[in-house]
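Submitted below is the structure of interest, expressed as structure tokens.
Naming follows writing order (A, B and C), and every chain is counted from residue 1.
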Amino acid sequence: MDADLIQLLLNGLSLGAVYALFALGYTLVFSVLGVINFAHGAVFTLGAYFTYLLIGGQVGANGLLSGLRLPFSLPFVLALPLAGLGSALVALLIERVAFRPLRQRGADSLLALISSLGAGVILVNLIQLLMGAESFAIPTGTLGALPVALSIGGARVRTVQVLLLAIAALLLVLLSVWLEGSRSGKALQAVSEDPVTAQLLGIDSDGMIRLAFGVSGFLAGVSGGLVGLSVSIAGPYFGISYGLKALGVLVLGGLGSVPGAVLGGLIIGLAEAFVPAEWSGWKDAVAYGFLFLILLLRPQGLLGRPLGTKV
Amino acid sequence: MDAGLLVQMLIGALLGLSVYLPLYCGQLSLATPGFFAIGGTVAALLSTRVPAFAGTGATSPLPALLLEMALAGLLAGLLALAIGGTVLRLRGIYLAIATIALVEILRVFNLNLPFTGGALGIFGIPQPFDSTTGYAGFSLALLAVVCWLCARLEQLRLGRAMAAIRDDELAAASVGIDTARVKLTAFVLSALLAGLTGALAAHFLNSWNAKLGSFDASITTLAFVVFGGSRTWLGPVIGGLALTALPELLRPVGDLRLIVFGLVILLGPVLFPQGLITPQLLQRLGHGCSVVGQGFSGAGRRLRGRLSGVRRP
Amino acid sequence: MSAPPLLAVEGLSCRFGGLLALNNVSLAVQEGEIFGLIGPNGAGKTTLFNAISALTTPSSGQVLWRGQPIRHPRPDRLSRLGLARTFQNLRLFDSLSVRDNVLVGLHRFAASPLAAGLLGTAGVRRRQRQLEQRALELLALVGLEDGADLAAASLPYGERRRLELARALATEPRLLLLDEPAAGMNPAEKNDLCELIRAIRDRFDLTVMIIEHHVPLMMRLCDRLAVLNFGERIALGTPEVVRHDPKVIEAYLGSPR
């Protein structure tokens, strides 16, 4: 196979895998609550910053914590899951302040969308306040003894990208095994199918909602860390554009569908990778173009269920 | 008060009304910044590239501004008309996502088209007014007219149909309302208002770039309406004025201001699910008939109706 | 040849996933009738109403209006043809006042150019006063004229039902579909409702289709009845005929065996 093609495919797949992870975070929350958590992009950003700090990165000169550095530095394999856990805690906090009060008073679900936007704005600006607005690169030495680049089929590819794809794929598999095979995963699905019946069957739907937020936050944090490693952290706002594009992924695959989110992520990731360099300015429009097309042709998405109205 | 801040606040109120129009019939459209950007780009291009609009030196004639606003509104309205039929078939969250996508696509266009100046944008947009005070007077007059039209609209068949669709779209269709058409009308009016506001803003800001129509702006303008309330036109106006002023008033707290802003958006829906300004609040304030103009159903009548109870047949 | 029926349903089927909610149902409603639809829970009565009023798209079959098939049926188009309905679980415009709920029903008669409306020309204001007058008349008809300014959401249940009826009448229908209008009413109220439906039919020269569980009431009220069971029409005719139909007895009392 052509070396360029391999490179492009790998770029597309790894990007697509990140989109898929990201979109799955939206999907988990959407399937239990029917709302998009607009703070998800900020949690992703947070995951990247957590990772950066845990591997011993130094805060820039702009923020309140200027020059600070943790007294220890962890290897990447430890830092990443810890960053994911930290992000999960923040996602739980977001559920507590932005979602639960509205749910308890039975408010319109669109209001939760807005309050989650508020939570996102707070997070992003908090990061900016503490860490500064500059971009951070996770040092290449992070991966220890691993070489910087590998040779696959004649193409030289960055190890980081292979690693990113492998971890993302692993997480996707783990997630589907958990959803389909475990008791809590099945309970989560039951709540998303029919919350009332699930409650009658003794499933703690509040607990399941917290679980969905926790797992969703973990996925966001880990994908943030991975992207931070691969392309550097481009300031506190860098999660926003991923967050918006993942909306395209979500709608393309079908809101609420787990395989749909994966399929949508891969399609958009690959499509973006194959945008020729001279058109790179238009790359950002690819996801939204797909989004419009699918809404036009098949509003329920590739793998979603038809949208109906109840009378 | 600083006249420049006043103009920004007035523009905020106009954008709030643009978000409010579709929301009044239950449609959460975040497209306002996209149409705002179209308006600004149209005005920036016309007044810097077309001699007839440019005037002499750094000034441009007022009629040119009015014409630009009309053209900007028209173009935004036409685009809304073209895509509205498709996107308005989507409900709730789908519509919100589709309109976010629209804003982002327009932003990418603005960044990449050969004549919009890329990331830097267009500079040196000529000024129709000698001073910021001129802008303030003009914007105030524009806002007053738009408010009056919105207040009238709420009283009209179209406004009632919009409110009915918001309450129950299916029931509204069942009593003969062409719901698709009413929603499209609201969407087009919203785009038109955002477009002409963009044209005004481009002159006021003196330069125009793609950043002015971004997702951030979608959030901000939505916050105007959520904060102020979407049940009457006064809500988004108050929301737009207050939330535009807020970051400026919070300047003393420095970097915390955007965090406070986020807190307002976070807590607003929790504390005031209907927004600050609701029709009930206005009635309680005793301005029921004059301000909102709820016809001749004054508070006295209301009270009498309540006291006498509802007679059974 | 006599005139075609006001409404005819021909071979209508509705399938939702694996569930066949309506199976090849045909019936015709003549101008001026009160036509009842009865059957056990889940028999497909409301689905039939939804299919007639274009809220549900049938899987097969068609609905004819005065003998003509309805092309591209949509609820608002049907309303303009002269079809109005109420809903089993009440769908009022809760944030609007009682008066405005009826005014929304008068939507079709309130058309004026947008510009004239915004400017509030004399003609527009006169028209508006006429419509408000008309709304009050309709409210008086259902006994709600004193509550015109109240919020629709604040009305007690029975009055909400009557408001929904006034709103439906405001569209000046030829055919009125009533989905369980007597639900939650006591026997006295049910009798009043019967009188009201008859009075409305006579006054507006209406045709009425009605779903109701209370069979004795339906026997008294309706000129003809259709009985649905498991999505199929099992009987059709005058109350006398339906009452003695063995299939109907079986559907309501269970198989004799």
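By our rule, contacts are C-beta pairs under 8 Å (C-beta built on N, C-alpha and C of every residue); 3 or more make two chains touch, one makes a residue touch a chain.
Please read these numbers as outputs of a predicted model, since none were measured by experiment.
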Ranking chains by how close their C-alpha centroid sits to the total C-alpha centroid puts first chain B
Distance-maximising chain from chain B - centres being C-alpha averages: C
Using the average of all C-alpha atoms in each chain as its centre, how far is it in Å between chain B and chain C? 39
Rounded to the nearest whole Å, what is the centre-to-centre distance of chain A and chain B, using the mean of the C-alpha atoms as each centre? 32
If you average the Cα atoms of chain A and of chain C to get two centres, how far apart are those centres in Å? 49
Check each residue of chain B and list the ones that touch at least two other chains. 170
Quick check on chain C: which residues sit in contact with 2+ other chains? 55, 87
Could you check chain A for residues that touch two or more other chains and list them? 311
In their shared complex, at which residues does chain B touch chain A? 28, 86-87, 89-94, 96-98, 100-102, 104-105, 108-109, 111-112, 170, 215, 219, 222-223, 226, 255-256, 258-259, 261-270, 273
Where on chain C does chain B make contact in their complex? 53, 55, 74-76, 79-80, 84-85, 87, 91-97, 99-100, 103-105, 107-108, 110-112, 114, 117-120, 132, 142-150, 155, 159, 162, 167-168, 170-171, 192, 196
Taking the touch rule as given, give the residues of chain A at its contact with chain B in the complex, in rising order. 34-36, 97-98, 101-102, 105, 107-115, 117-123, 125-126, 128-129, 240, 244, 247-248, 250-251, 255, 281-282, 284-285, 287-289, 291-292, 295-296, 299, 307, 309, 311
Where on chain B is chain C touching in the complex? 149, 152-153, 156-158, 160-161, 163-164, 166-168, 170-179, 231, 295, 297, 301-302, 305-306, 308-313
